[in-house]
Amino acid sequence: MNGSVLVVGGGVAGIQAALDLAEQGIEVFLVEKAPSIGGKMAYLDKTFPTLDCASCILAPKMAAVLRYPNIKLLMNSEVEDVTGRAGNFVVRVLKRPTYVDWTKCNGCGICTQKCPVKNVPDDYNLGLSNRRAIYIMFPQAVPKKAVIDARYCMRLNPPEKAKKEGKTLCGVCERHCPTKAIEYEQKSEVIELKVAAIIVATGMELYNAKNIPEYGYGVYQNLYTNLEFERLVSATGPSGGEILRRSDGKHPKKIAWIQCVGSRDVRFNHYCSAYCCMAATKQAILAKEHLPEVQCTVYYMDIRAFGKGFNEFLERAKREFGVRYIRGKVVRIEELADTKNLRVVYEDTAESYLRVEEYDMVVLSVAITPNSRLPLPVELTSDGFVKLKDPYLDPVSTTVEGIFVVGAVAGAKDIPDSVTEASAAAARAALIAKRSMAREVRVLANGGVLNG
Amino acid sequence: MVASSILFANPKIAEEIIKMGGKSLLECYQCGSCTAVCPITESIDVSFRRAIRYTQIGLNEKILGDITPWTCNLHGDCTDSCPRGASPSEVLAAIRRYQSGFFDPFGVSRWWNKTKLFEKLILYFVVFVISLSFYYFYYWNSLTGYISTEFFAVKDLSYPIAFSALFASLILFLSAKRAYRAFGGGKEYKVGFLSSIIKLTKFFIEVEKDALKVPEKRDRIIEHVFILLGLGFYTLILLFYLFSPSYFFIYPYGMILKFLGYFAAISLLYGFSSPLMKRLFARQKTHWYYKKFTHSTDWMSLIAFFPVALLYLAILILNDISYYYFSYILYIVVLSLIVPILLLEVPFGKHNHWLYKVLAYYIAARKGFFKEG
Amino acid sequence: MADFEPKIIVFACNWCTYAAIDLAGTSRLSYPPNVRVIRVMCSGRVDPQFVLEAFADGADGVIVAGCHPPADCHYIEGNYKAYRRFELLKRILESFGIEKERFRLEWISAAEASKWVQVVNEMVSDLRRIGALKPKLEVD
Amino acid sequence: MAEKPKIAWYWCASCGGCEESLVDLAERLLTLFETVEIVFCPVAMDFKKEDVEKLPDNSIAVTFINGGIRLKEHEEMVKLLRRKSKIVVAYGACSAWGGIPGLANLYTLDEILERKYLEVPTIDNPKEFLPAKKTVVSIPEVNMKFELELTEPLPVLRPLDKVVDVDYYIPGCPPTPDVFWNALQTLLGNNLPPRGAVLGALWKSLCDECPLNETKPEKLLVKEFRRVDRTTPEPNKCLLAQGFICMGPVTRGGCKALCIKSNMPCTGCFGILEGVVDYGGKAISYIGSILDYSPMQEEEIRKAYDKIPDWVGVIYRYTLPASKLRHKVGLEFPKLIKEMVEL
Amino acid sequence: MDEVRIGVYVCHCGFNIAGVVDVKKVAEYAKTLPGVVVARDYVFMCSEPGQDLIKEDIKNQNLNRVVVASCSPALHEITFRTAISEAGLNKYLLEMANIREHCSWVHHEKEKATEKAMEIVRMAVAKARYLEPLEELEVEAKKSVLVLGGGVAGIRAALELANYGFDVYIVEKSPTIGGKAALIGYIDPKTKGAEVVSKMVEKIRDCPKIQVFTSAELVQLTGSAGNYVAKLRLNPRFVNSRCTRCGECEEVCPIEVSNEYNFGLDKRKAIFIPFKNAYPPYYAIDYRVCVKCGECEKVCRYKAINLKEEAKIVELRVGAVIIATGYDPYRPFKGEYGYGLSPNVITLFQLERLLDPESPTKGELIVGNKVPKSLAFIQCVGSRGTTLGAKSYCSRMCCTTAINSAIKIKEKYPEMNVYIIYKDIMTYGSDESLYEEAGKKLINFIKFEEKIPKVTISPEGLFIDVFEYTIQQEIRIPVEAIVLSIGMLPPRDIEELIAVTRVSCGGEGFVREAHLKLAPVEAPTKGIFLAGCITGPKNILESIRMGSAAAAKAMSLLSKGKITIEPMIAQVDEERCSGCGICVAVCPYSAISIKSVNGDRIAKVEKALCMGCGTCNASCPSGAMQHLGFKDVQLLAQTVAALRGESYG
């Protein structure tokens, strides 16, 4: 039945698109490479400018996904390749093994307490804390199922000595699992789907700040990216919302945010990532709420407060929360050996004076890079975003007919825009799905084929 | 330091700076990376961004009195780290050319900095021909007599050189006085003479030490050292020839002089040829410094000195193999090559920057721009 | 008497005032906790009986709040009726000797979070000045 | 012959109108006397309190008490009668909901006494004499000296059911003879209605039985309120629609719209409907609703409301003591009543 | 009624509630309330596991009422209603206790906030005891949509809806569709505004499903989602399709007014063609200024003019309304940066017109009758609280448009000095490449911060005094022309829009969406959608995208042909109703009428028309009329619970 639609990427845009499609009774395959949907928004604690909590917006949408039988979730999987044309695409999806039979697993979490391997860096908390080899991605994950991390599991990836002697180790989780859902022999499989349209919603990743050696990301201890800081300040974060320094676990007294890390820079990315000025302001306010006597400073060149309610949010940060905004680009960060504090070197362009200031903690507002390296025949722009066929006459279609693109992978944007686009793309995809179901793919009288 | 008086913005200045080689002047969006990343600003309290800003807007009063462009030591870190891909070091060089345009009394260097390379070469060639013909008509018949002796009675060959050297030093002196006044020399001195000299030397040693660690910078420093040594010894020898009593050409001193001569020639030759070659045959691998610093004055200063170095070496060799006649002719050519250098290149060309740089550092030190510790 | 904690009942219309109270929350404005909010779909739904019931049960102050006339009301003229009813109720309360600070009819639009906070602050300070209503009603 | 059921009447803060309605039974009084035995009816005969005390507990079949509880004496008598009788009926609007005397709850007793004995134009009281607990009256001509005792007045007038448990209510001011007669038959009959019922009143409001109900316009809106004493209403057109304050919609039916038939708007003597929590509050609600001005026309609304000088009196005419607030704020025991006064 | 069994669920909402309110204590307290059978607390009630808690309890403890103490009902009432209906409980047996926005976010003393939270829960439980199961009503939905506003957002929405097979009516106030985008010279260096609009207009022309009403206004909107009745007033155009645009009538027309299609740059006659590829593609007479002298009628060879046309009222039945009435450019007051005092000070929109090849100056930048040698843009005019009358928000598109035009000017007049005097350059996303290109095109950026620039007009020319932030120096820039980058304001007639469509405005005067993130294209009222700049400043790309999204949402609402209406409507208790008729006059939607039922006059509520405001309940003298979900007994129970703490009645 090729009246269905493939949504690649389970972030807020992908979820919204899937919901809108399912609402009209169309079958949706939602492919997500992580074990749970939610995408980057699941990492957030609060969203700007209204400061309402991110999971209050995302969690109900994720819960709604389970409510529609015609949404098929393909977790832990990636699109291998796509052939065919609008109306009947053939998509091969590689489903990586989770080593747990998800039909049986009810997400009770007993295995995650019993597993002996305790030191696996938890990528949901971006490595700030540890988890077990068998884990549920985060408490509100959808689907709330366990996954075994083959790299660390002693059974699936035994240390050299044991492998030579052919001994099978551990098996603790299998013993404790009440529903016998553990399947060590599970293999990855390739699923073939016939779909009428594809919506690309693979979203974005943070640019690798290690590419900027002068900042010393990955070397200095009290240096975080803004996503890591978001985890720190979130209630479900590694420290339960306490902002603690990695070096000595104390509360910081002075925090700095450095803007345009990897953005607006010919050496890394020309584009501006649009979200980070407001995200930094929000995090400064959250820091002030958690630690009333902390002093927050944001180093910027142009504060991009362009959206609805953004400018008032910025003024409020300055007025009510005393956040300092200094216009100057930080070029270098040095770590003090003893206190592990960080000294930032910049020119305060207001006073034209080279300044060096010491901070307990520094947060880098890192640029975004689109997840656009996909096996799809769509064209990309010079910056690596997925190219729109005609932004004015057909705002959500890619250069390939029948494939639509939404969210951050098409351009730097924030949550409301992504959600808006998702609805638009869902409707367009639904159109093709309905038509191809009714087998009457014909050219319209006025030459406008499918995309109107 | 908020100036109360209102200053007029003059867009012409920005155009001039761009003509003088600061192509990427207006690409900068004032982020301050150049100031922050420059090793100089760690010890001197200056803002290169602000110096560039003045020229972007075109505030003449601010630009002329600004010492900052002169404290630049051409490390190039700013151009490496500029987020906009502009090259602040190139712009600063252009600002220096613009400023020097106001220092020399007749404003010739302003014209000189704006002309194209071939115009410079033509003017240069004209002066060269004049000085050559001067030698030819003035000296040639009296010279034939001397050829036979093993050495040259150089004293009276020196008049054109002496005259142009005098002229150059006069111009340089006047420009230095105007620069000194422009930089606000003598006013608000906070640091004593001696301690600023000590501070300056410590600063230079330290800055150069760091620069040596970086390969590209090391090449440029070596080239500059060779040029300095070469020019130093060359002028010494020239003076020697001009004013020393003739006995110096006998055994022990002659040998030292010759050896010094060779050393000067070779170092001059290397000093000028290596940057020239790098610029001529700039490849992908060549450091941006050689690819970007290609203003006509850069070329001119190299093109002017390169033949001098070459011919000087040829003269020494010819002397050794006692082809005095040829060496003598070459000697005349070298001298007439030096005349345009002295008349044009030194007072108005790129090399007068050394004078203003030293002045600027000195005044900066005296004014207390050097940070303690 | 500064330490007296007045009890205030608020009837808030869902489209304007309730949204303003929510906005006061999202903007993290702070105001005294003496108010108890009852959500109705329109200020026209609030019956003067409820106000009298509230006073009889020990409320020290009652606020009825809706959308700005003439055009903000989501149901076109709900606030018109509210205005006319409570204009009459104010006279009745006056005859009962209940101070006029105890009852307020306010127009608070969805964006006026600060006005909501100001109304609550004013009401609490007024009521602290004139004291509780309950003891004045007990007589036999 | 079976024992005749004993009936008792008593009147508290009453105007005597309810007794009138008893007398108005005219001939039916005869059949009444045959069927019941009247054991206590102070208005008709000189019964004394002891007569009631003598009777054994709840030996009286039905006691009809009218008038609100104003004095301490009323309170005692009513409690006594409650003890003595099986069924106590709040007879008439005053005892059921406080009635017109209940409007006194808007003033303190001192204000009332001053108004009554000093300020009223018809009074001639040079010595500013006010009633006291004990008054000694001496008439020199017959050199006799009398001592009068007055019982202590209570600051608030309360309806009967706020003092004792009331079984049934009979509405009306006064209840019409038919209403009383029918109520009496049902009470003496054996299938008694549920306790607390208002006998003779409808479950719906007066409009249901009002002849003018059909004459209402499709959209009932008024621009101004009119007063009966100023303009005479047009015949057979709904009085409320003409702008007269008619309490019909919020009052129980059952009185067959006597007042409306005599071209007078209903004043609400048949009492509070089941679904109404506060009679006056409900009245304000619908009166406010039908006034046809927008809040922008504040002036016109104020002028329209100023037409009626005493709103509380109009909307709480019979039901003030039974309302939620019951009385004005700050009533307390009278200070003006002294121990002894010489006349 | 069966025995009441209530489940109370207290949400931590991460730190938002648990940070201030002692949620455990509130849950314990809730257990003690009469009727409460189970009380739990969880970190995120709205998440999947949170909702499972409720569903399990409903099944195992057969609860028949649920109280959720968490955030505002505006956020998650729908979420929890759907959750309990999945567990088999009628979805209206739910009551939300708002202990976040109304308690933990606004009170900071822990004990007082916890005590208040407990009382809010007590009130919710008190009302919950009186909740009754309600059934949703199904109503037929018309598959047609009214698009208010003919700008790019409206056109895009119309095209999308036509694609889904819906009938679309575009209502545009001015004589042509295309809106402001048609007047913008260049949207980005390569695309001209007029081209994009003309392509869209072509599609509109060829699509049978779309009907365009120009010079039309929506005067009345009644009914509810799925069955709106829209009353339009079609103002007379006086010119019909026989017009061949020969233009002779234009010459003879005596009336001249300022041409709003060139933002006042030049004049136009009463009879005019807005711009080259206007649609409908023929002349129109401006009914507001035409004095009906009849000259044009006489001279028209094609009998295309008929001055006797009258305004007509048209009634349309539509299923949904998409509001896309766009914005108005900010009007600088006289003297703001010298505006109105010197011909050389123009606004950004006027500049766009000048650069457009079809403009009066054929694309030549002639300001004050000459091509200026130097020109300065001043940014944030009317936005970000810079000048006196300025709004507090950033208008988002003026920086990109200004830089776009500056680049266009530099390409056409390389030797002209162009300054952009800015506070913060807002070229977000991939527009940053424009900012880079501006640098390469030698455009000079001057930054100010608190102290705004001052314009002095003197005989020698214009001077702008700016306190340049990066050198902390007052500089004076002599220029020959100044362009004010004006921001966006809500449209002038937004008051009428609100009066007719019952939408509400946010703080900045733009229309408020139901929720900025959950429902960015929907108005709080069901069936009304928003697109384009009516909800706030946007650039053309975002407006168009929002148009598609609004169309998508309208399609998903109407595609099933039926709409469920919330059952919170008025209901009459026929035993109590005496037919007094007071409620009939009170109902704003005239949904109540008096019927005679076996002799008695009884009020009757028309279910489909009743919008559920509850005014009739308050005005019903006998309490016969009850507003379901907000009955007297339910509200009184809440009042009593708040004050006396006992159960009511």
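List of remarks:
Lettered A, B, C, D and E in written order, each chain numbered from 1.
Following the convention adopted for this analysis, a contact is a pair of C-beta atoms (placed from the backbone, for glycine too) under 8 Å apart; a residue touches a chain by one contact, two chains touch by 3 or more.
Just so it is clear, the model here is predicted, and its values are computed rather than measured.
Taken together, chain C and chain D share the touching chains E. Innermost chain of the displayed assembly, by C-alpha centre distance to the whole-protein C-alpha centre, is E. Farthest chain from chain D, judged by C-alpha centroids: B. Chain pair with the highest count of contacting C-beta pairs: A-E. Chain B and chain C have Cα centroids separated by 83 Å. Measuring from the averaged C-alpha position of chain A to that of chain B gives a distance of 56 Å.
Taking each chain's centre as the mean of its C-alpha atoms, chain B lies 66 Å from chain E.
Spacing of chain B relative to chain D, judged by their CA centroids, is 117 angstrom. Touching of two or more other chains is recorded for residues 276-277, 282, 285, 288-289 of chain D. Residue numbers of chain B whose C-beta contacts span two or more other chains: 29-30, 49-50, 84.
Multi-chain contact residues, meaning those touching two or more other chains, occur in chain A at positions 50, 52, 264, 266, 302, 327, 349, 352.
Remark: the chains found to touch one another pair up as A-B, A-C, A-E, B-E, C-D, C-E, D-E. Across the interface of their complex, chain E is touched by residues 7, 9, 11, 15-16, 18-19, 21-22, 24-26, 28-33, 36-42, 44-47, 49-50, 53-54, 57-59, 67, 71-72, 74-78, 81, 85, 109-111 of chain C.
For chain E in complex with chain C, the touching residues are 72-74, 98, 100-103, 105-109, 112-113, 115-116, 119-120, 123, 495, 498-499, 502, 504-507, 512, 524-525, 568, 586, 588-589, 611-615, 617-619, 627, 630, 632, 635-636, 638-640, 642-644.
Residues 203-208, 213-214, 216, 218-221, 248-250, 253, 273-277, 282-283, 285-286, 288-290 of chain D touch chain E in their complex.
The touching residues of chain A, counted against chain E in their complex, run 20, 23-24, 45, 47, 50, 52-53, 55-57, 59-60, 62-64, 66-67, 107, 139-140, 142, 144, 234-236, 241, 263-264, 266, 270-274, 302-312, 315, 327, 349-352, 381, 383, 385, 391-393, 395-396, 411-413, 415-417, 419-421, 423-424, 426-428, 431, 446, 448, 452.
Contact residues of chain C toward chain A in the complex are 26-28.
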